[in-house]
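What follows is a set of notes on a single structure, which appears directly below.
Chain lettering (A, B, C and D) follows the sequence in which the chains are written, and residue indices restart at 1 in each chain.
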Amino acid sequence: MISVGIIGASGYTGGELLRLLENHREVEVVSATSRQYSGVPVSRVHPHLQDTDLKFEDVGAGEIDADLVFTATPHGASMKIVPQLIERGIRVVDLSGDYRFDDTETYEEWYGIEHESPLDAVYGLPEIHREEIASADLVANPGCFPTGAILACLPLVYEKIADTFIIDSKTGVSGAGVKPTALTHYPHCSDNVIPYNVTGHRHTPEIRQELSRLNPVRLSFTPHLVPVTRGILTTAHTFLLEDLKQGEIADIFRGFYDGEPFVRVVEGIPGLSAVRGSNFCHIGCFDVDDNQRAVIVSAIDNLVKGASGQAIQNMNIMFGFREVEGLDFPGMYP
Amino acid sequence: MISVGIIGASGYTGGELLRLLENHREVEVVSATSRQYSGVPVSRVHPHLQDTDLKFEDVGAGEIDADLVFTATPHGASMKIVPQLIERGIRVVDLSGDYRFDDTETYEEWYGIEHESPLDAVYGLPEIHREEIASADLVANPGCFPTGAILACLPLVYEKIADTFIIDSKTGVSGAGVKPTALTHYPHCSDNVIPYNVTGHRHTPEIRQELSRLNPVRLSFTPHLVPVTRGILTTAHTFLLEDLKQGEIADIFRGFYDGEPFVRVVEGIPGLSAVRGSNFCHIGCFDVDDNQRAVIVSAIDNLVKGASGQAIQNMNIMFGFREVEGLDFPGMYP
Amino acid sequence: MISVGIIGASGYTGGELLRLLENHREVEVVSATSRQYSGVPVSRVHPHLQDTDLKFEDVGAGEIDADLVFTATPHGASMKIVPQLIERGIRVVDLSGDYRFDDTETYEEWYGIEHESPLDAVYGLPEIHREEIASADLVANPGCFPTGAILACLPLVYEKIADTFIIDSKTGVSGAGVKPTALTHYPHCSDNVIPYNVTGHRHTPEIRQELSRLNPVRLSFTPHLVPVTRGILTTAHTFLLEDLKQGEIADIFRGFYDGEPFVRVVEGIPGLSAVRGSNFCHIGCFDVDDNQRAVIVSAIDNLVKGASGQAIQNMNIMFGFREVEGLDFPGMYP
Amino acid sequence: MISVGIIGASGYTGGELLRLLENHREVEVVSATSRQYSGVPVSRVHPHLQDTDLKFEDVGAGEIDADLVFTATPHGASMKIVPQLIERGIRVVDLSGDYRFDDTETYEEWYGIEHESPLDAVYGLPEIHREEIASADLVANPGCFPTGAILACLPLVYEKIADTFIIDSKTGVSGAGVKPTALTHYPHCSDNVIPYNVTGHRHTPEIRQELSRLNPVRLSFTPHLVPVTRGILTTAHTFLLEDLKQGEIADIFRGFYDGEPFVRVVEGIPGLSAVRGSNFCHIGCFDVDDNQRAVIVSAIDNLVKGASGQAIQNMNIMFGFREVEGLDFPGMYP
């Protein structure tokens, strides 16, 4: 049993951490922080969590006491909190973008912020970095789009079957966070499909970094907001360098992800509702057209495998728990 | 550990039973039947259940072997299956309307079918009939609307504070089942609110029967289809017979449901997303206007507390398992 | 040809006025005001209006020059603008609640604001006040809920067939206006049904006032937010004072609304998608149950018959144009 | 004034033709056929069209009498109807795929049907074929995806700035027609994004044919079903052959479509809600990333510019009416 704190627990990823940890047998949540809701019962802000007695606290990184802290804080904020936690000997899974990049320049260029406190961190995609995660003090939890996109492309890059990718992603609105904006206003985004940050989304360099570790790639990325609450459907278009058929590509994926606890190579087309609420990534399609363009489709829940579930998976690895502890349940369909 | 069969496992309630039983520690699902999908892996029909090796079987009530069978069959079909199961010593939770009524006449009048094989059954709302459920061989699992409506009215009827109710319910489309119809066609029911069976819905006599056990009621019921996947929001309008304030009504509800594992009396207004995917019923509001009209609002997931979750709760009671086994997780918000 | 100004033209009702007036043959929009967007082309804020050259202006009530002004301003704001316009001889259709009440006390009680400048105004529901509208200088355009509710109850009150009403209304999210809030944040209100102001909504006294002109009523009102962009579906539950059948009630409605250009008594149940984007109010259902409870259902587009369309209908009456000018097109289904 | 018939008038495109023609000043609809609903008032099937007295008739191509007939019939059905109409001297706009291809082989390969009766037809995209349409007896109305895709790519192909395209389209569910299916069942397609016919959609050769008339292209196409009622958002990814900036591409598009009555090159990103219900195609974005990949986004209403509106636009051209007659109103936002 370890003690866990959540800094920034009033948002959606904070709520998901609390929901998922409620049934985790190795963890006790000892602190859930929120400046805005300090003193307010968690059940007021997260209406599904009626059975917790926790109240939000306004506790800083210098006071929080736990074996592990999840920092569910925005980029720019994490870099002010994480170093102090690490210094105090607390292991950290950071859900922001602040520690995801190998080089600070890329971060500063794409995020437009000077990085005050770079630290060594492991990129927390277990399908690539499981071993380093196990011994890491600081894990940078991947972005939601990168999780879906990297898992859809990885086997092809590894096998050098493809090096040019156009990633056309469709995300549910919860990915934009809990704060109301003109973009997420129901009458604006319902019955609509809204491309945004079409060529300049910050997750682009993150996807490129992880795939390029294996082999060079030329990758373009465009996200769309769709009228869906949860989920990211990634359509990866690529031109094959070899003449492969659908079944052969599927076999490559099945071999590559064999034994992975949360990746499933499915028959047919993955659906968002099949992974809803769960930590699974479904991958499928593998169609090839007469232009040698192949299509790989992946589906995740952006708040679970794309954020809080993956953070817990990383924690499980870091502390030697069963990797699936607290996460071994299927998605919710319909 | 008991063995469980599901007759009619390819629909939504069948899928929910399979999803929820996947993590039930006292149960092994030994058979999932479907005539249409006989021989097909369960994972093809229920895309979220990728980790089961079960295949649908076309097995009849005379052959299925299990300690308990869930009959997730339509009304009219259950009455042809259940008697044979009971005769063979198999305990049954029936999810249809066939065994919910004390008197056969009411059933035949509202369902327009002759009842071929009436049997003694216990109405499976644990909040009313927990003790009889424990020893029952046949439990008639409540309808989705009645679950939400009865729980919203019960304390007021018990306390004789109200006897006239107008129940205006709003249901998600999954309540209509897995079969596509003109009503459930996306372009028809999205961006729409559709009253149906406005004064003649079959759940009306079911609600009346259970509330009238306590005290006489005059109750009217109207359901609406709303563009929501899961959930029933019940707005119960009633005229108070006593001059009570909001806080007093809330206290009556809190007292009445004290200790209930799946009923929560919440601050403010219950939301569908707070119970989504879970077996909880949230009840709240309790506002009273200048006409002495009080409003009670309840929220359930129609497929869980309104169907498969409650069926498992009933099974847990029947077999002396922890009542919350397999069901003790919160809803999914957002 | 008259000249028209719109004060507060950047919101949804402003956008609808601009959309609908684009094809009005008797009107030229000479000014569309917005403090926030002063100088910005209308097409930037209202992306559907690409073909207008209008820019928002920051023009006050003292400077605007037009034959008629629509004040699409919030309650509390209109009372500071309207008197000046009237004084300057400009006729006004006010879309706020400021001038809807016969007595200032009711307004002040329900709106919680002191009324600075009461004026004589006509309540702009043509189905009741057509003649007074024709000669009015100030028309108070009805609220969205009252429009749907009053039209659903009016014939029954007139005929003294019913005097007790429970109005359970379901509104699309555009009714909350263009400003993002926690309530209208997509992940919060999608896949949800949210009762609000359950017994205290400001439209309650407005509905009561207009119906009580004919005969006394005891009326309760509860609105719900549903995941719909446009539309209000009103379910009016009432206990009949006479023993009437469905067909008889339908006949009463048909007779009462005979000749009305924008009310249609329909076969079956009205649907939001049948009136979407149009100025029509569809009324139907008329079912009666064994408690003598009758159900009347009405459907309107909250932004058209519930706001801007009705405002134009009022303008047409005030200036002697064809009442349907600019509004004579059907709804958009699906 | 011409007389018009609609064969297959009970579906969504039939309903849209009837809706749009209701205000067309040069047309009288003399016949709306439907085998299934023969004798039924149009207002029963199309609930928004309450003010028409038309009834569906079961009239064949040999009996219908009109100056022009819209055949809103499925592919395979049109080829059995159209030749007879043409022979009888009736001009035809066919909304199916049967007459869209220059060579019968392509049709037969992609549609898997033998073509019984090829005829000379003009592909009814006015932005390419306006002049031939004017004198055509048979116009093959374009598919919904091709309309959005071709208009998004055309200027780049014409200018030889790009020759490789990946078209990732997102369509509303009304594109699947009025018939309920498992795919269009609300609980299945809501809160979901569903790629389908990923590399084999029949609209692929149609898009290729029209673009290739200008210059050779290598084009891949993948459609997705999104939880939207109306609209197609097309994301066209292309690799530029020249080093162009966003503003330069925008200028090319503005020049190319200058004077087009229904194409608007917009600032920013086109939205489905901006064209909803209208015949407009909005085109925008034009972002270029560091891979020289440019993104063009177009938005149409699949039932209007993608079907019935364009059919009326073609009719207007064929008969020398104002091209915008009956169609000159903006989209409906929100």
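Simple rule for what comes next: a residue touches a chain if its C-beta (ideal position, glycine included) is under 8 Å from a C-beta of that chain, and two chains touch if they have at least 3 such contacts.
Remember, predicted model here, so these are calculated numbers, not experimental data.
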**Request:** Look at the interfaces A-B and A-C and say which one is made up of more C-beta pairs in contact.
**Result:** A-B
**Asked** Among B-C, C-D or B-D, whose interface repeats A-D's (more than half the contact pairs identical)?
**Response** B-C
**Message:** Can you compute the centre-to-centre distance for chain A and chain B, using the mean CA position of each chain? Integer Å is fine.
**Reply:** 35
**Request:** Quick one: report the Å distance separating chain A from chain C, using the average Cα coordinate of each chain.
**Result:** 45
**Item:** Residues of chain A engaged with two or more neighbouring chains
**Value:** 12, 172, 174, 187, 191, 227, 229-230, 271, 273, 276, 334
**Fill in**
Counting only contacts in the complex, chain D reaches chain B at residues 12, 172-174, 178-182, 184-187, 189-191, 227, 229-230
**Asked** For chain C, which residues are in contact with chain B within the complex?
**Response** 166, 168, 170, 172, 187-188, 191-196, 198-200, 204, 218-220, 222, 224, 226-231, 233, 235, 237, 269, 271-273, 276, 285, 287-289, 291, 293, 295, 297, 334
**Request:** Using the touch definition up top, name the residues of chain D that touch chain C in the complex.
**Result:** 12, 15, 19, 22-23, 43-44, 46-51, 174, 191, 229-230, 264, 266-267, 270-271, 273-278, 280, 282, 328-334
